[in-house]
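Scrolling down, you'll hit the structures one after another.
In the two complexes below, chain A is the common chain; its partner is chain B in one and chain C in the other.
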Partner chain A sequence: MAEEQTLYRLTEDGRRLVGEQFLKGEATIDEDDLSEHVEPMPGEPTADLESLDTAVDTVLSEYSEFETAMDGALARGVHQCLDITRRTAGDPGLWHWLAVVRYPEFVRHRWKYRSEEAMREKFLGAGSDLYSNAIHRLWWIAELTAVDGDYTVTEDVFTNQTMVNKVFDRWFARYRPAVVAVCRALSDEPSWVIDESTRRFNHALTNIQLEGLSEREAEDLIRRIITEVKSS
Partner chain B sequence: MYSVDGKKPVDLELKAGQTQIDLSSALEAEMESGDWEKVVLYGQLEVPETTVEAVFPQEERESPPAKLYVAVRCHSTIYRDRTIVSKSPTDDGVYDVTIVLHKDVVRDEVELRPYLVRASDRSRDGQYAYKKNFRVSSGDIYTVVVDRPSDEQPPAIDGEEISFSQASHLPEGEKLYYLDFRNEARPKLWINSDHPRITDVLQSRGSVGAEARMRDVILDQISYGVWIQLLIRAGSAIDGDGDVDFEWQQTVLETFARNLYEVDDLSEAMQRLRTDLGEKESLPHVLELADRELQEYIDHRTQLINLMEEGLSI
Partner chain C sequence: MDDRGWFFFSGGPGAPRYGDDPTKHAVDHDSEAFVREVLQNANDQALDNDEPVEVTFRFVTLTGEEKRLFLEGLEWQDGLRERLESVTAADRGRSYDRLLSRIDDSEAELRLLIVEDRNTTGLTGDWDEDSNYAALVRDELYSSKQDDTAGGSYGLGKSVLWTFSGASTVVFNSFLSGDGDADRSPRLIARSKFPTHELTSDDVTYQGAGWLCRSKDTENGVRPESFWGEEASELAERLQIERPAVDGTSALVVDFRDPTRDERPDLDQLADEFVEASVKYFWPAIYRGDLKVEVETPDETVEADVDSVPAITPFVECYSSRFTEEEQLENAGDVAGLDIPLSVPPRADGSETPDGTVRLAARLASPADDDTYLNTVALFRGAGMVVKYYDQSRVAFGDRNFYGVLAAGEARTDHPSSESDEEIDRFLRFAEPPEHDEWESTENLREQYQRGFRTAIEDMFGTLRDGLRHLLAKSNGGTDALSDSVLNRFPIHGSGAPRVRNPPDLSRVFEIDSTSRFDGDRWVFSGRVEPIVDEYEGWSTEISLTSIGEDGSRYDDVAIETLSVEDEDVAISFEEDTVSVVADSTTGEIRFEGSSYATNENDLLSGDVGETQLEIRAELDSPEGDR
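Take a look at the complex of A and B:
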């Protein structure tokens, strides 16, 4: 079993080191400058970074640049190697360190530079926006869809970018039983059904209180909606 | 009352109307002597008879088919859950509530909000909620602070000082600040460093004394102008489905929309705001509502009195 390594965080001040040239991959950040702004995570949680290094290297070698399929190939590994609590995962500095210091090649390999703002998000986003930081989004989507160590739903989600976009862009995606139910029910559906069903499910929540739903109730609701969508 | 890791419960000593429960100091003290694993909060919820009468038809009031629970939400850890207080039937009366917060799944602040929802379907007659899990009533939001806000916490919007006279993209004149929406996804607040006397005060870190009090008053003044713009912008961004594009818009609307219209349902409040902002006749009314709400939210009065009493000694 690989040895666990300490996790670090990039401080708020350290974010200033991330300039446009770095985002474009045309420059690196001076290690001495960087070391001043990197500190151990509070409570000093650890992770199997050696295995994660291997998983990232595999993805870099096996997938072409900007291929969305690498999300699904890496999500499970990110989640399993970073066996951390949600409290730890809630620290944006951790994801900034992982993206900027540990795996910047992966971020650039997965996300094409389209604008400084968009690329800055991929390196320095985090928090409750599941769409921002390139590594944070893999961990959180896995966290919200893995069921007792079973990543079937996670893998289904990442094979369908419409699902990633339409489910995790909605606020109900922060409630695990609903996420799992919706993803399970929609996993084999075409994009137009996913699009319309998630919109209607979200709309139904104007009257239904989300946290009152069990996973089974959420699944009954989304399946009823899918049937309506297909027959309309 | 609250208890940390099974220790003797401590009174919360909440004042009337107080909805923030700040446990950060107590939990920090726990961490100095080791760590904490869970906090248990004890309280009571009342379901008034008038509520039962208002939301259930006559034939159901004897034994209301409802469940009562408290939604537990932590924004920082993308956590949403609930604690069941009463299963169906739920009569009017007072219920004891015990909420357990595990350290592993919370950080910063945790929001608690009680909901009463239907527990079964009934025939639709137009007057009462008829579907299982339809929300029929809710209570105040209580915020439990588990971590002291750090200087490093990301602000709601980005902010930066800059000399407006040196920056061609910022407005001319003696502006104090400018809220920049060129990137609608991430508004940015620029503070004009052409006024160093003011920016120096804004940078002061103290919590007592004239400078700190003055800083708080200036911040209140700026925040009023910022919030009103964010609120109107967010309200104008609501689409026909009741959705907005950006997280900051959702956050702003979640914070203010319900209070503007004094309704519990966020979607209803958002639709009303969207409609009102879209009509010339109702626009002055919305601005009046926003002004009232922001005065309540910012509470200028407190910082002004602090300035008078502590800063100016009058």
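Take a look at the complex of A and C:
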């Protein structure tokens, strides 16, 4: 097994180094400036970054620009190489470091520059918004959909970007049993069913306590809703 | 007649008959409620001298000779015992069996609780006037409290003293403040609250209320009169209720017991519960130096310190930093805050009231915090008592858990209160029900203020919830639509278009009041819209129902089936899922009632029916153009 390497974080001040030119891929950030704003993660967690480098390189060479399928190809690698706690993953600085310092080519390869604001989110999003930072979203979606090391649901989710959008932009996506149930039930459905069913599921949750649901109960609930959505 | 002893009014044919103590059923009873009520009463009687109110809870256990002397001082054998036996025999909802056998058992201990408050007004006034003394020893359900900021305005509080007495008997010893009878202090009297009872010895029916006193003949008949001065001091010593000669009152609960428990918990446990309850509900007053609480047992004395209850510490930290300029939370332990507007309607007599703000602050939780009251907001005003811990766990998400405070009225700033703080304090006091555990629409509010009081409270809570979401939202980069729309509701950021209702700010031109509920199979709602500006050529309002998701996102509109308006001169039109009402310059107000189509789905899990908001938009055609 490869040697584990220390994880770093980009400090809040360091975010100021990320300007429009960098976001567009027209400029790099000065190494010296950057090193002043990079610090080890609290508690110094480590990860297998060499393997992650390889996984990222493979994706960069095998997929053409902006191909959404690279998400599914990389999510498992990101999650397995970054074997960290959720607490560690909750620190936005880690994801800023990974996106800005470690893998900016991946971020630009995956996401076309549409606006400064949108691209800034891909580099400097994270925190409570799952669907933001380009690497953070891969890790979290894998974290919430992997079941005992089995990434089947994760891969299914990433084959369908509607699912990624509709499920992980909702608050119930923070509760793994609900996520797994919803993703399983919806993985083969067309976009309009996914859209309507997740909205309706979200509405039904105003009557019950989400965290009181088991995976089984959540699945029963979403399947009934899917049936109704399709018959109406 | 000038007779010392227990005095009970005898009931003539028309006299009211009491079963159990009528106030006993009004509030839930456990030791936490007891502490809360008792401290609230002491806190309300604070003297106006910047000195803190001090309260000591002192547990005393008596056995042997001490117990005998105490009972003798209480004239146990001369009246009380006989009456307790009579009540028990008559089986009128109250049994004193256990107490009687414990008194007779020379080995059994008698437990007393003395609540001693200092730097308070004391039992001032006379029997025949509206006074502290009369409110405590004469009346049921009647309140006479210091001023507008007092914590209680119903008078239920004192009744807990009797409820927690196994003998339904409480002794008072007081040093009076002010002039008047102050130099005759101390003043002592005991009062019992029994059911109506008969005595076999004289075949007379007695009312339940009795006093250990001097009964005196007056123009209005016999009146119980307190003991004063030397005589009171001597009796106080025998009854274990001596107190330092400073203004305030000591109340002694004879045979202290918690009516909600079968077991008698040991004193250490009770003392811990008292300290915890004191801090839980009064940390703002303690923190601000307005209140000091101690709990004494024969073994130790513990001060109720705000740092002594880990579950409360995060709230204290949040309050102490509430005026931080931060509006967003980054790391565990961070505090951020916002002003929440509250527009108080005019008083009932028509006098205008200033609009003001209350201060919301939240502290991001860390894993090291005690999470007993996680994701709640402590609501309080000048009295320094937490009205309740308002559960807002729906606003928390992911790792964004919090502790919040809403500091209102005279608790808002550490500086002297503004006119609006004082008005808000008064307004919210009247918004408290008898239990003082909520801010809501009450009869008191209806009597004190003009229309709009309910909307004012609902708007405050609505803005509080949105404000919390804003404080908890992620703090960097990206777009945050919810947070932006929330900001528009805070006047400090300019008057953006409101999502729901009119923002309570200076540009307000309508008063809108509404209620809605789910009635079996459909939503029903009613409300009122009134332009509150003088000049307009006409106006219109749009009413719609929108169901929302667990995270507050909008789902679908709910179609409205019926809408009726009292005024016949308005035009009503149904457009898609919105109903519009158009009025001309002659219509000063519309009142409406309506309902949605019935849902054919009663299943709460179908996603068909769920949280729904009533949205009312109003628009004015004014001479200067649309507003």
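We take it that the second predicted complex is superposed on the first by the 232 of 232 C-alpha atoms of A that agree within 3 Å, B and C clash if a C-alpha of one lies under 4 Å from a C-alpha of the other, contacts with A are read in each partner's own complex, and residues count from 1 in each chain.
Here is the rule we go by: a residue touches a chain if its C-beta (ideal position, glycine included) is under 8 Å from a C-beta of that chain, and two chains touch if they have at least 3 such contacts.
Source: prediction; values computed, not measured.
Colleague: Is this a clash or a fit when chain B and chain C both end up on chain A?
Modeller: Overlaying the two complexes on chain A (C-alpha atoms) leaves chain C and chain B clashing.
Colleague: Touch check for A:Phe201: first (chain B), second (chain C), both, or neither?
Modeller: Only chain C; A:Phe201 stays clear of chain B.
Colleague: Which partner does A:Gly212 reach: the first (chain B), the second (chain C), both, or neither?
Modeller: Touch partner of A:Gly212: chain B, not chain C.
Colleague: Once the shared chain is lined up, is A:Thr11 touching chain B (first), chain C (second), both, or neither of them?
Modeller: A:Thr11: touches chain B, not chain C.
Colleague: Report for A:Pro45: first if it touches chain B alone, second if chain C alone, otherwise both or neither.
Modeller: neither
Colleague: After lining up the shared chain so the two structures overlap, which partner does A:Thr85 touch, if you call chain B first and chain C second: first, second, both or neither?
Modeller: A:Thr85 sits against chain B, while chain C stays out of touch.
Colleague: Per the contact definition in the header, classify A:Pro104: touching chain B only (first), chain C only (second), both, or neither.
Modeller: So A:Pro104 meets neither chain B nor chain C here.
Colleague: Does chain B (first) or chain C (second) touch A:Ile225, or do both, or does neither?
Modeller: second
Colleague: Should A:Leu144 be classified as contacting the first partner (chain B), the second (chain C), both, or neither?
Modeller: first
Colleague: Under the stated touch criterion, which partner chain does A:Ser128 make contact with: chain B (first), chain C (second), both, or neither?
Modeller: The answer is both, since A:Ser128 touches chain B and chain C.
Colleague: Looking at 57-65, 93-101, 165-173 or 219-227, which bit of chain B clashes with chain C?
Modeller: 219-227
Colleague: Where on chain A do chain B and chain C both make contact?
Modeller: 12, 86-87, 90, 92, 117, 127-129, 171, 174, 199, 202-203, 205-208, 210
Colleague: Help me check something: in the complex, which residues belonging to chain B touch chain A?
Modeller: 35, 67, 69, 71-82, 103-108, 115, 117, 129, 131-135, 151-152, 154, 183, 185-186, 241-243, 247, 250, 265, 267-268
Colleague: Using the touch definition up top, name the residues of chain A that touch chain B in the complex.
Modeller: So the residues of chain A touching chain B come out as 11-12, 43, 85-87, 89-93, 117, 127-130, 140, 143-144, 171, 174-176, 199, 202-203, 205-213, 217.
Colleague: Across the complex, what residues on chain A touch chain C?
Modeller: 12, 15, 86-87, 90, 92, 117, 120-121, 124-125, 127-129, 132, 170-172, 174, 199-208, 210, 221, 224-225, 228
Colleague: So in the complex, which bits of chain C are touching chain A?
Modeller: 330, 367, 397-400, 473-479, 547-551, 553, 555-556, 604-611
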